[in-house]
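Shared between the two complexes below is chain A, which pairs with chain B and chain C, respectively.
Up next is the complex of A and B:
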């Protein structure tokens, strides 16, 4: 993966030096070597801060919303999953294509944060990483650290539709992770769908009960672009600020339906949730339903395919009546 | 009068069970992978080995959602009723970082103005502190003036020794409680407890796997006193998502918002809920002005509060090194790194 990192640095350096972009949003080394963090590079001499490895779990696309008043052009590093957010932001006209340079990575797969923290010492500097069928191997200053795919690979990588970015101006890496076809069948959702109503209710209650309403799920979500969020409103108070099972459930249900048809299953909401609420299951249920009802592809996988709930087709079977 | 005792794990469970007869027991329990301080009826369910609770125990004294009063309007007359607050309580299993955080919260709620809700709960609660059995990679209490076996803030403090515990009555209230239930305890001495805490602290700190580098908090404070506008805050704020994780999980953060809910118009309640200085509408005023308009001001405020304002106001730092924000911040905003960075910036002056 060192090659990808070097290519990201070289391209960023060229783009910044030539004035083609004024900002690069990418991944940098974290305070603890089991983590990376988003970095914002404005000068070609700082591109050495950019890294790419299996610890680049976050989706950086949401930052394009933070920078949508930026006058210059922005280069952004995206993995296959993250690239769908770029398409979605373009479809919603939240970003302008000509102001964005997409640095796409054929993603080899990403490591579970818990596993990384359990096995990578704070001071162990990563020098090289590989992900293949043999597992995830990290060469560090503290020695070789290995994870089997079973223990180490993120659930969302296992279910990856396309490790190759669906949009990119530059593409780095030879070949990304190829998920097992069987893993793409929404089995996680189906397992819960089949459970009796009371069991499903108990399942969600135990998680929603401990929601802190910190709004990290919303704030990290590339589909959340409202200028004023309904959950911040006091008048009218659509959802009370009180934190309890009832209002927390309302919060999560409203959010899930609000991003229905627009959620690209990037998994940021679940990744950032401090209460470890399995939010992807909720969003994937809706993705699965829309897929089955409308034959719609994964949102964000095709620039020309508008979200199923966001356009009207004159040949819609229901309009024939 | 301090008292020094020993208690076995089995007796500790029985002691806690005995306390539930006339008090509410709030203790750490593990539910669905996370440890929380919850009301416990069966002391056998208490988790004695947890590293850190998900939400800090401040939520017992200052719940995330709390009714201030309820109201009713009838025949043009207002009728207010105060909520009933919990009576006698034992808050068990508070680690030293969180004990210290309660000492940092006391002057906020019980200072110039008494907050009846906090003060009543605080007065009615006996705190049993529990020394740490390991120092996590995100822990840094020992770098901000604390330690994994510091008893400050507890009424009774337990130092783990293998499977059993040494018990100190730190306050009179704590000593009285031990004496009243002396059948669960056997004798120890100040010397033994001291020695175990000293040696235990050395052993725990040697095992620490966290970020290296020494802190000089007075230097950081002096730098912040003299420097309000520095480019560092803007750079740091770029990656902040503006969520409330750090503030809600911080054991010393204490901001709240007040709302009235009266769906029928004639009866309802006034509620206070935690609020976060990282939310963009936190300082939004009625006229539309926002004195902290961007993430830069908001992120700066959080760290100025921890390392300057709280110290200015109450002579105690607002960070106790529990490491919850280090662990849970989705974008790696790490106060340890910020302290080291600020020391470096200050050094270059």
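Up next is the complex of A and C:
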């Protein structure tokens, strides 16, 4: 993956030096060696801070919302999954296409954060990484660290619909990770759907009970573009602010429906949740239902396909009645 | 602090006979914000209304709750009522304790009383959140546009123009007149259709207030009630306004033998033609797909002979913009293409199986046979004529479920005409039911029956040729046995369907169609000539199958509505429309995608941020176009859109009052 990293640095340097963009949003070395963090590069000489490796798990698209009053053009590094958020932000008119340069990466797959923390020593500096059928191999100053795909690969990578970005101005990396067809069938959701009502209720109660209402899921979500959040509103007081099972459940249900048809399954909400609530299951249930009911593609995979419930068509079979 | 008055109506025994009204009034007095609570036998009566007016003044009420019937019935009554006392008319909330309570819970008076109390509690909660609303004013352009120049469009145009308004008629054919001029005699009076409709066509053409575009279509409609801007596409006629209609061109035109659409292909026309001698305007059109000048690039005969230099081969389509205050859609009907559906009747292969409209042209004195009823195959006079009704109508399995309404009567008329014109002829009519609901209709049917028409109840299962005659096989369901008739000619009464292209008209103008593709009226009983789009009206068979009397009646009805609208120089805009909270709007414009009335437009606003100013886009509601349907308010994720009179705060307070 060194190659991808070098290409990102070279292209960013060029773009900044030529004045084609005034900001690059990408991944940089993290607070410890098992993590990366977002970096915001404004000068060509700083591009050495940009990295790309299997630790680049986060979706940077959300930062475009933070920078939406930036006067210049912005280049942003996106993986296949993240690129859907770019389409969604364009559809929601939150960003302008001509102000964004998309640095796409054919993503080879990403490492589970827990595994990375457990196995990568704090002092081990990463020099090269590979992901293939043989597993994830990290060459570090402390030696070679390997993970089998079973133990190391992120769940969302396993279910990846397109490791190739759906939108990009530059494309780096030869070939991305190809998920097993069977893994694309929403088996995780189907397993829970099939369970008896009481069991499902117990399943979610267990998780919602421990929600801290920290709103990290909301804050990291690229679909979240309201200027005043319904969960912060006092008048009308749609959702109680108290932390208990009943109000937490209401919060999570409203959040899931609020992003229904727009959630691209980037998985940021689940990744940032300190209580480890499996929020992707909730989002994926709705994605599955919309797919089955309306034949709609994965949100964000097609610029022309608006969210299933967000437009009015005169020739809609249901509008004929 | 709100000071709410609650007024509970007995509606005689309608409510009072079930609900314990005094108990509801006593409970209501205890609700938060209520300073006065009363009950009365008939709140809508003069003393009832006076009671409300004096209570508002005496108790300085800021909001009023009336618990009575449906707001659909008396909301406007009570709005006017409280306005008389000086309150804003929108400071009224109604609780429906009749339709939604006493009428449906007649046998459970105690529970009904409890529910009435709940409904009043809900209304009081909302009343506490009401805010005064004000009607906006919209200017009105005193001009109407009529799409379709058939009898409905002509009648409405004359009515509207006679009232002193300008009218524009758009007709896509080269002449106005529509289907009615094709017909021979009309039931039940047997007056000549052309004789009564062509004078109307001429009146329309000569009316100083009426402007007619023929061979034209509506390209684009923008705007809203009172202020439409319509782009009319005037198709190239290849004949300019210098034409006097002398007829030299079509007499000289060498391209003959083109089936004449007006006679349903039973006569021939030239490449430059007028559809029929009484066409309005009396100005020919060149059929560019068949004219030699256009197909082969040489001929020029018409141009050479034209005494007024009216032929213009270079003429292109023109686009004209008309600004109007109201639009009437009267696009009429077509007949279903039975040949594609009814294989058992021969898929249109047998020339002697014709439709009722072919029969009309044939029996018409000015038609292709000069009024003689003859077999298309050999020109012989038929002795036995079979009529099959409900071909495509009342046939859920193969075609349309609805009844086409006019066929029973015109088939009776056709039967009468066969028996009258062909001595010794025999007429057999296959029918499902005979429907003659109309003034003098039943009498007409009975007359035909007495003249000797044989009515056989049952469907026809098969028609096939044998020799030069046709075998019609069917069933007589009254006698319960199969029937076979050897016929010389078969006439099918085919279903009326919306005119070709009517879906495009609906889309261009911006209103809805029903399940069969007919134009949807705003209310089937109470608003039959209006669409759900303000300022757009309907007349004639485009709204549903109709005969001429109903079409003309509806056209005059729609004209009255339009005259009413155009009689104002300004109209009041409904205040219960959507409102954008610009601070909360994130500019995604999901509302614009979902708005069926195209009432949402993007708007740029300037916002101050620390150290700088930024412009950003937000949604804005066009108060003329918004119909207050509320679709945008649900589509709006940030909740920046609210329906005035039904705001999120108001609805939530109602839910809380009912559920907490």
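Everything below uses one rule, namely that the second predicted complex is superposed on the first by the 321 of 321 C-alpha atoms of A that agree within 3 Å, B and C clash if a C-alpha of one lies under 4 Å from a C-alpha of the other, contacts with A are read in each partner's own complex, and residues count from 1 in each chain.
In the analysis below, a contact is a pair of C-beta atoms (placed from the backbone, for glycine too) under 8 Å apart; a residue touches a chain by one contact, two chains touch by 3 or more.
Keep in mind the model is a prediction, meaning the values are calculated, not measured.
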item	value
Partner chain(s) touched by A:232 [first = chain B, second = chain C, both, neither]	first
Which of chain B and chain C A:7 touches, first, second, both or neither	neither
Contacts of A:22 with chain B and chain C, given as first, second, both or neither	neither
Touched partner set for A:130, first chain B, second chain C, both or neither	neither
Which superposed partner A:117 touches (first chain B, second chain C, both, neither)	first
If touched residues of chain A are counted for chain B and for chain C, the larger one	B
Partner chain(s) touched by A:139 [first = chain B, second = chain C, both, neither]	neither
Residues on chain A lying within both footprints (that of chain B and that of chain C)	237
Contacting residues of chain A [partner chain B, same complex]	30-32, 35-40, 58, 62-63, 66, 117, 121-123, 206-207, 210, 212-216, 218-220, 232, 234, 237, 240-244, 271-272, 274-276
Complex contact set, residues of chain C against chain A	503, 506-507, 512-515, 583-590, 593-596, 609, 612, 614, 617, 631, 635, 637-640, 648-649, 652
Chain B residues touching chain A - in the complex, by the definition given at the top	31-34, 36, 54-55, 64-65, 137-138, 209-212, 235, 238-239, 241-245, 248-249, 257, 259, 261, 271, 273-274, 276, 279, 281, 295, 326, 328, 330-332, 334, 336-337
Complex contact set, residues of chain A against chain C	69, 92-94, 225-228, 230, 233, 235-238, 258, 306, 310-312, 314, 319-321
